[in-house]
Structures are given as C-alpha cells and as structure tokens.
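Heads up, the next two complexes both have subunit A, just with different partners, subunit B and then subunit C.
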Partner chain A sequence: MANATQSPLERNYARLGILLIGPTVLVFCAVIVYPLVSAIYLSLFSIYTPTLEGEWVGLSNYRELLAKGEFWSSLWTNIIWTVGTLTLQIVFGVGMALVLHQNLIFRSLARSLILFPYFVSTVVAVLVWRWLFNDLYGILNHFVMLSGASDMPVDWLGSMPNALLSVILVGAWKYFPFVVIATLARLQTIPDHLYEAAKIDGAGPIARFFDVTLPQLRDVLVVIIMLRAIWDFKEFDLIFLLTGGGPVTSTQTLPLLVYKEAFALNQMGMASAYAVVMMAIMLVFMILYIRRTREEEDR
Partner chain B sequence: MAINDPKTRGKAGGVSRRTAIGGMAAAGAALAAPARVWAQDATIRWWSPQASPGQLSAYQTQIDLFEAANPGTKVVFEKTSDEGYQPQLAAAFASGEVPNVVTHLPSFAVSDYWANGLLESFNEVIEAVGPEKYYRGANDIYEIDAGVYAGSGIGNSAANMLWVRKDLMEQAGIDAIPETWDELRAALQKMQGGGIYGAPLPYAKNSMTTLTIIGFIHLAGGQIFTPDLQVALDSDETRNALEFYKAMRELCPPGATNYSWGESLTAFVSGATATGIYTGRVLINVNDQNPPIADHVTCATYPTISKDVPSWTFNDFPSVFIPKAAGDMEMTKKFAASLYDGAGYIEQLHAAPGHVLPVLQTVAEDPAYLNNPIIEKYTAEVELMAASAAAGHNLGWESPEHKPNVKAGAIVGSGVLAEMVQRIVLNDEDATQVIGETAKAIEDIMKA
Partner chain C sequence: MRIIRRVLFNLFAWALVLAVAFPLFWMVVTSLKPGFELFRRPPTMLPETVTFEHYWRLLTETPFLRYFANSVILATTTTLVVVTIGTLGAYSLVRFRYRGRESLAFLVLFTYLLPSVVLIIPLYLLMVKLGLANTIFSLVIAYTTFALPYALWLLRSFMAGVPEDLESAALVDGASRMEAFWDVILPQLLPGIISTALFTFILAWNEYLYALVLVNSDSARPLTTGVMTMLISAFNIEWSLLMAASVMMSLPLIVVFAFLQSYLTRGFGAGAVKG
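Here is the complex of A and B:
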C-alpha cells in the first residue's frame, strides 16, 4: 500500500495537491463534463425546446438521423466547406506571411492591418460582404458588368455553386489572418544560414521555399490545420448569416442543422443527437491533434 | 479561556449560541432589507421585433406615460427579430428568464406557446382594454381554448399587398392595376427594363418565401390544410401557385434568391422594381427615402389566378402576449393594457402609418389617428389595407372555417415550404415529387 509507506509530510503534500487542483477540476467539470454529459443525456429524449420537457426515446434519435438524407448531405457540405475554406486559408495565409516577412515599407502597419478580418465581428463582416454581393447595389456586380463579363448581375448567394463558393471565400478571408500570425512567428525563427547554404548550393527562390521554408513550417502548419479544421467544422454564424443554409440545403452544414432542429422545430433531443455525432467526428481531429502534440513533446 | 472549557462551551467569546444565531438572523434581515425595498420597484421587460427609430420613439412615450402613472415601476424595451425570435424565446422559456410582455409576433407563434402551457390567459387584459372597442372577431384567432384568450392583437397587417408605380404603368401603357396573374405578368414584362425589374418576390430559404407561397396557394384557390387540419398541400392549386412563382422568377432581380423582408422592401422603395409585395411600411419609407416616386405609389390586393378566385390577404395578426413565468403579473397585465391607451397607441401606429393597422375600431375612427400626413395622403390605400387585413388570415388560421393551427409556427420555422419553392423554382425538380415530400414533412411536424 503506497499510502502506508507515505510520511505525514508526503500525505500533507498530497492533500495540498488535491486542494490546489480541486478548483481546476471543478471548473473543468462545470464547463466541459457537464455540458457533454447533458448533450448525451438530452439526445436520448424527445424534448420540446422551450419547456425542456419530453419523453425517453433511447437511441431512436440516432437511428432517425442516420437514416435521414439531410444528415448525410449536410455532413458532405460540412466537409466541402471545411476542406475548401481551410485550403484557401493556408494558401493565402502562408503567402501573406511570406510577403510580410520581407523588408517592406510600412511592414509593421501592414502586419497590423492584415489582422483586421480576424478581429472584426462576424456579424459586421457578413453585413459588409452581403452588400458587396448585393445584386442591385453591390460593387462586385458593378465590376462584373463594367468589365463586360456579364450583362446581368451575378447571383452570388442564392444559386449553386456560387453560394457555396462565396461562403468558402468569405470564410477564407475571415480566418486566414490566424494562419498569417502563426506562420509569420515560425518564419522569423528559421535560421538564416539554412538559406545561405541553399543559395550556395544554387537553389533559386522556389527551390528555397520548397526545400527550406516549407519543411521548417511543417510542424506549425500541422497544428494550424488541426486547430482550424476543428474550428471550421463547427462554424455556424458566418454560414447562417450569409445564406441561412440555402439555396434549399446546399450550404447547410451540421451546425445549421443542429440549430434548425433545436430552435425552428423545437426538437432539442434530436438537435443534441446531431451535436453528439458532430462531437464524435471532431474527436477524430482532436485525437490527431493530441497525438501530434505528444510527438512534439517526445522529441 | 480554554476552548473546551465546559463553562464557555457553546458560547463564542462569551456570547451564547442563541445570541449568536439571533445576531446572525438580525444581520441577515438587515442585509435583506435593501433587497426587499429594491424588489418593490418592479421591472417590466418588453420584447418586440418591430423597432424602427420612429417606433422606438413611440414606445418610449408609452413607457414614460406608464412609468409616470405607476411610480416605482420601470419598463425596459428589448428588441428581438422576425427571423430570430424563436431561439430567443425558446431560451427565455427554458431558463425561466422570460420577458413580461411580447408584442408584434405573428399570431401563430402565440398559439404554439399557448398549446404548450407557456402563456398567461389574456382575458383580464382584454377586459381592461374593453372588448367592445375591438373590431368584431379581432380576437377570435387567439381563442384556442373556448372562452380563454392566449393573447390579443396589437395591430393588423396586410403583408402581401401589391405595390405599384403609377408612373411606370403609364409609361408602359397599362391603364389598370393587374387583377389576375396573367395580367400581372404581362404588365411586368412591359415595365421591366432600363435597370428596373418587375417584382421583388423572395426565393430565399426564409419566412418571407414561406408566407409568400402560402399566399399564392390561397390566391390560386387552394389551402395548406383542410379546416380540420389535415394536410391539403398536394393539390392542383399548389402546382398552379408554384408554376406562377416560377414564371415570376425572370421578372425578379437575380439576387431575389436571397431576399427577405428588408431586401424586398428596399428594392421597391429604391425604385429598382416596378412593383412590390409588402405591408404599408412602403408608404413611410418611400416618403422618407425616395420622395420623387412618393406621388406615384399605390397598392391593391395581390392578383389571383382568375377573377373567380377571391383575394386572400396574409395578416400576421401582430400580437401581444404574456409568458406565464413573468414576474409581477398584476403590473404586467396593467402594462399590457396600457399599450392600447389612446395617445400612446396612436403614436405607435403613426410611427409606421399603414404598416401596423389599428385593431381597436375606436382608434381607427379617432380623428387623432386619422390626422397624420401619410394617412391623409394615402387614405384610399390605408382604408384598403385595413379592410383587407381585417378579413385576412395566416397559416395559423387559414379561413374562418379552420381550426387554429398550433403547429403553424413550427411549420414556418422549419422552412419546408420555402425549400419547396427553392427546389422547384431554382433546382427545377419534379413538382409532384417535391410537393409530396413537403406534404409528408408537414405531416411529420404536425405529429411531432
């Protein structure tokens, strides 16, 4: 028995440790464990949202959602959105970080301004973009018609595939500064002598990027991709405000489906079932992320 | 003094346990006293989705009048929205942190909440206002259970009026406002051009598209439910309505696929479309935002499939109701009744003349109400809207023969009818299959 061999001082330290970690455990239980258990518990009931009253239905919510075409189409849209916007975020983010790593005039100002989309509220950003996309007064359509590319305004948000492309683009614009910040921080720590050695070996700018910069960025990019994949997968406000999931259900992702079940149809039990399934999918990303960070620590 | 001295055990510093407990009780009472005094100052929370600057100013007048008449009572106005009230109220009901009074939500929202036992009876408020002052039958829609009213109307609205520009009609050689769908399409084809589109009909996945298709089905002579609330969507009338809706697409701006109330209103008011579909808010907005067309604007009931089919006006029946969990019920009911008080109510109606029409006949005939520049300028239009709205219906009450449909809010919120429009108009899917699937989805909602 380990306890029998412990001295009074060690037992006191153990108690102190429990005391000190207690508040953290309590907060963790309150903000993570309780909502998680609640969601799983609610998903086993048929519940009317405003009263939170309902009856036990067991796993039938899960059976019903897995049999619904709407779940699978929303999951597919969710994957397209996540992969599409994340790819653009990485491409724009790394590109912009490389530019801002150069000795530019007003570099500090540019580095500050580039963060603007990330810091601006989603509601404000969406309002601005909706005006830009507006068919009658939007500047995008003004330029499209001025350039002669089209005689008629383009329906950016109300028809497919324009709606999904527009949402992906706005998502990329909104979140690419996060990639810029993280990548720029890593770029500044790459030793200059690696580039000097590559130059001596005759590597041009493109070869230096692929043979020096990209391998050095690999670790930070993996972490960025993991985090942003989790965040983008559960994105709600930007898509909801831009298209509401339409046309029909073409831009409806799983978070929008959760919202629709919970508040439009007042079916909190079914909404919780969707949320639990979403959580299970995101768990894959989280496990990958945790394994990755462990590998980093082990090195 | 030793802690365990039997002489002092049970005493703290020489004070007996009884004395200590008594002291603590006194201290507690003293601490609680300010809270009790504070609690006497009632706070009434008032929610509404109608909150234009003019309306907010009118609400403030009503609040000031009520607070002056009821010292110690504070009224706080909080804005909700037509598209967002459902989650806000769901959260409020679930948490118990409900507003005291909610106004201007459509009547079908009231019936849904009433059916789930979430609302206080409105009978006392109606009695306080004076039942004889209302238009006859104005509160029938709220009598879901016999003899008990779930709420009351704070106004009427004629949501699907056809707004037209007489100057554009004249230029196009059209001498009468279209009365049938064929006439409307022919007129719009003549008026469309030169940067002006025919109509700002919504094709988005939202409540406006839902309400528009419900209106069109009725204008085709159909209905969504039979009077005993069996789903009656799968009909020739629905197919005709969808065919008309689809045929109108080429006469609407490209972005109409994402239009809601605001975009549709703005399209007509700004002059981008020759016609509009909206309530009387058009009048104040045209006069404020685009005066050059103000003298050319008029309205009519929306055309029907043929002259044999009567017009059908979508009336939201903007409501007032009180959540059962609201605190200080006596003062809450007093405040709800005060919303109908002459001067304050008239100022509220004048904030958007013709948009929210009076439900009290006594107010509609009051010279103080009629004495308004917009109402005086557009007397014929306001009278037409008032008459149309008074005879109007919505999904919660499709005709005088229909039973109140307590699931109407869930059906509108689900967006299944708007999705039906999008699938047929935008995706060009098979109408029969889509209508069948939509009817099934509505049946599922009715059963849930």
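Here is the complex of A and C:
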C-alpha cells in the first residue's frame, strides 16, 4: 500500500531529474557525441581542407598511417615525452610535497608560488621559457657559461636531443604542482602514530619514508599517475608552442601530427584517422582510470 | 643543533621554491627593464631603471586590449553557461534516481578525459557549415566540450558533500524539490560553485588550440592566440613587450591567487584526486 502511494511521487522525481539533466544531455550530444562519431566517420574519407570536398576511401587511411614511418616515430616521441615528463613530475612533486609538509616559514606563500605554474596559461609559460632559453640573451645560457659547464651557448630548442629534453623539462615545471597539491592533501591525513611506532622500532627518516609514507601514498599516486599520463599524452599547446614539433619532426607527438595533417597538409580525413588511433591508444588508460574511480565510489 | 638543522632546512626548501618561481620572477623583471638594459651582459637581476613603457605601448600601440576584452567575454560567457547547466546536471546526477543515470555519469568522466584534437576537426567543419567560424560564440560552443564535463565532475563531488538530511528536512516541511534546491542546497553548494566557476574561467582563459583553429580574425581573437600572433608578426621579437603581455595576461590569475586561493585548493580536493 505504502509503495503504491509513494510511486507517483517517485515517478515525478524521476521526471524532474531527467528534466534537470536535459540541458547537459543536449549539449553533450551536440558538441561531444556528434563530433566524436563524426570524427570516426570522417576518417573513412579523403578530404581536402580548403574545399572540404570528400571522397569515400574506406579503411585506406588507416592502412596508410600504419605503414607510415611518421606515425610510429610520433607515437614513439609521444611515449618518451609522456614517460619523461611524468617521471619528473612525480619525483619533484612528491619531493616538494614532503618539503612543504614540514614546518616551513611562510609556508602558504611557498605553496602559492609552487602552485602558480600550474594555473598560468601555457602561452605565458612558453613565452617566458623561450625567453629563458634564448641563445644570445637568455639567462639560462648566462648561468651555463658562468658555471663553466660549456663555453658555447646551448641551443636549447633547435637541436636534438636538447629540444626534447627542454620540452620535457618545461612540461615537468608546468604540471608538477598538481602532484604536489594532491600528495600534500594525502600526507596530511597520514596518522601520526604510524610514524611514532616506526620511530620506536628504530626506523630512520629514510626507512620511515619507504615503510610508512610511500605505502600510504600508494593509492593516491596510482590515481595521479593515471590522470597525468592521460593529460600528458594528449598535450598539444606546450609542445606546439615551444618547438612546433621541430627540429624537423623530432619533438612531434600525435596531437601535433593530427593538427599538421589537418591544417597544414590539408588532409582532414587522414588527420581524423590519426586522431581516432590516438584516442584508441588512450582508451586503455581511460578505461583503467574510469574503472578505478567506480570501484572507489562503490566502496 | 636543532635550530641549525631547521635553518638549513628552511634555506634548502626556500631555494627550491624560488628556483621554481624564478621564471615568473624573470618575466616581471624583464617587462620592467628598458630596452637597452635587456641585452646587457651580464644581465641585471633587478632592473636598474624601472620603466612601464612596455605596458604603455602594449595598451596603446597593439591590439592587446581588444584581445583582452575578447578573452573576458569568452571566459565569462563560457563560465556562466557551463556552471548553470552543470549545477542543474550535478543535482540531477547525485540526488535523483532514473534509468541511464549511471551511464551518464560514466559518459561525463569519459568526456572529461577525451583529447580535444579528436573533436576539433568535426567541430571546425560544423562551425564552417553553420557560418559561425571566426566568432567568439563559436569558441563558447567549443569550450563547453571540455569545460562542461570538467565542471560537472567537480560539482558532482561538491554536491555529494551536501548532507542529504538538509534536503529531506525541507521536503518534510512541505517544500517542493526545486524549492529545496534553491533554499537549502544552493547556499550549501555555493563555495563549490565558486570554486568550479574559478576553475572553468581559468581553463577558458588559458585555452589555445580551439582558438587557434576556429578564429582567424583580430575581432574575435582571444589573448592566447592574440599574443602569439604578436610574437610571430613582429619583425624582431620584442621580449620586453611580450613579457609585459604575459604579466597582463596573468592578471586575473594573480587576483584569484591573492584573494580566492582557498577555493582553488578546495577544487583540487574535490575534482581531480580523492583520498
């Protein structure tokens, strides 16, 4: 009986719920789902960008790209960039979080300064770093020559492997604050008695880090690594603006290849195929992350 | 002994922090140096003569102000649209039960991680077909593709933090669901909404790729692509001018950092990473 009186109200609520999510669903369909399906569809055509005239070519874009050296070399660069910058982000990020977790004078100011690179526009970050990297008047070359590490100014962005290393370094500088903040939040929740117990057992600071801190951080680090791996893998702005993929194509990652194919070489169909393959690669990480998030929510 | 160790640790920690912040310090210093001082060897760490001539030139001789205004309009509109739709959506996702709700939440998370380059070609074609290319409006549409999933994801976890009892109590008192939403949930959610709005604004303010592809005229160009055009079109790169532009471009961020930083940290806790 109670059920029968409740159910019209619940049905009303369900209707209201759908009404409230309506705008979201509408926008999602129009600007995300439709373009996504469309991208897959476009990848089956050969389209010349200026005229936008297309011709059905089926799967031949995919066949062509898998046979092309440029795809594989870009994928390889993409992996090196992701692994390189992510490793630096994690190492510096956790290190800095441990430092900021201690009693430090003006700690909140220090935290703001650390946080700033993460929020500053990539355009600003790149302009500043290109000025630092400047071969004649850049301050970095001044420091290098002052320290005697080299008599000649270093060509930071114009030659290999410097260019890739510079890009990885700037990426680490820009994104490591994310790791700092996320780790710091977790550090503050580790109960003190764990450290005290370890101290009584005679563990030094290094042993305490490996036996107490690191296991406690494990879960949050897994999440951070997955998220940052996804975001670093798809990074476009930073690399495009720093080197444009150069010298030649040595810092060209997949997102840059998609852009070049679509808007410089005017092959939109081919570019879509690159984008779809790139998404397929990322899908592995995305599914892992989504599955993990769901498990956490169910807990 | 203890004090010495503390002093040493503080020195070490602050050296690290200052090294990280150095590029930003250098940006400000460069923007304040007169042209002749810029190319001095060795470089001066602090400007010997402080000048605002680059800022003045930026505002009077370049289209910087136009770009700035475009960015303000663009980021504000995007934020308003996204936060409004997102708040209603998050309320629905967290507090209502209906079929397909779980899959929707999954879709939100999926799009939150989706790379822009996959959507950019179809969106470009769509804008050309609708005749919207080269307008700020086209960018607002494009920005919702990443800003809405982002805002929804943040708001969803803020909404989950609002105690359900409050809403139930209002319902028992005879309020309708929407009245309870206005009177009880919104005030509770406000810090989360502010935090989400800040994140969305910063995201839209900093966006580059869509602006590069969809807009190709000064009248609609936002700051990110605008400033890069200034770099490319200049005969010889004027670093002081560009650094002044960078400082100006970071102004909204500096305001947020000075007055609203707690909202940023809160957003970090809610959205990106959970315990």
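Observations on the structure shown:
The rule is simple: the second predicted complex is superposed on the first by the 263 of 299 C-alpha atoms of A that agree within 3 Å, B and C clash if a C-alpha of one lies under 4 Å from a C-alpha of the other, contacts with A are read in each partner's own complex, and residues count from 1 in each chain.
Following the convention adopted for this analysis, contacts are C-beta pairs under 8 Å (C-beta built on N, C-alpha and C of every residue); 3 or more make two chains touch, one makes a residue touch a chain.
Bear in mind that the values here come from a model prediction, so they are computed numbers and not experimental data.
Of the two partner chains, subunit B is the only one touched by A:P247; subunit C is not.
By the touch criterion defined above, A:V91 reaches neither subunit B nor subunit C. Within the superposed three-chain model, A:I18 lies in touch with subunit C and out of touch with subunit B [touch as defined at top].
In the superposition on chain A, A:V128 makes contact with subunit C only, while subunit B stays out of contact range. Of the two partners subunit B and subunit C, it is C that touches the larger number of subunit A residues. When both complexes are overlaid on chain A, the residue A:L52 reaches subunit B and subunit C alike. Applying the stated contact rule after C-alpha superposition, one finds that A:A262 touches each of subunit B and subunit C.
With the contact threshold set out at the top, residues 52, 134, 259, 262-263 of subunit A are in contact with subunit B in one structure and with subunit C in the other.
The touching residues of subunit B, counted against subunit A in their complex, run 86-87, 89-90, 93-94, 113, 116-118, 203-206, 253-258, 267, 270, 272, 410, 413-415, 418-419, 422-423, 426-427, 445, 448.
Interface residues of subunit A, counted against subunit B in their complex, comprise 48-52, 133-136, 138, 152-159, 243-249, 259-260, 262-267.
Residues 10, 13-14, 16-18, 20-21, 23-25, 27-28, 31-32, 34-36, 38-39, 42, 52, 96, 99-100, 102-105, 110, 112-117, 119-125, 127-129, 131-132, 134, 137, 139, 142, 146, 173, 178, 181-182, 185-186, 189, 219-220, 223-224, 227, 230, 233-234, 236-237, 240-241, 254-255, 258-259, 262-263, 268, 271-272, 275-276, 278-279, 282, 286, 289-290, 293-294, 296 of subunit A touch subunit C in their complex. Listed in rising order, the residues of subunit C touching subunit A in the complex are 6, 9-10, 12-14, 16-18, 20-21, 23-24, 26-27, 30, 38-39, 41-43, 85-86, 88-89, 91-93, 95-98, 101, 104, 106-107, 109-111, 113-126, 128, 141-142, 144-145, 148-149, 152, 177-178, 202, 205-206, 208-209, 213, 223-224, 227-228, 231, 239, 242-243, 245-246, 249-250, 253, 256-257, 261, 264-265, 268-269, 272-275.
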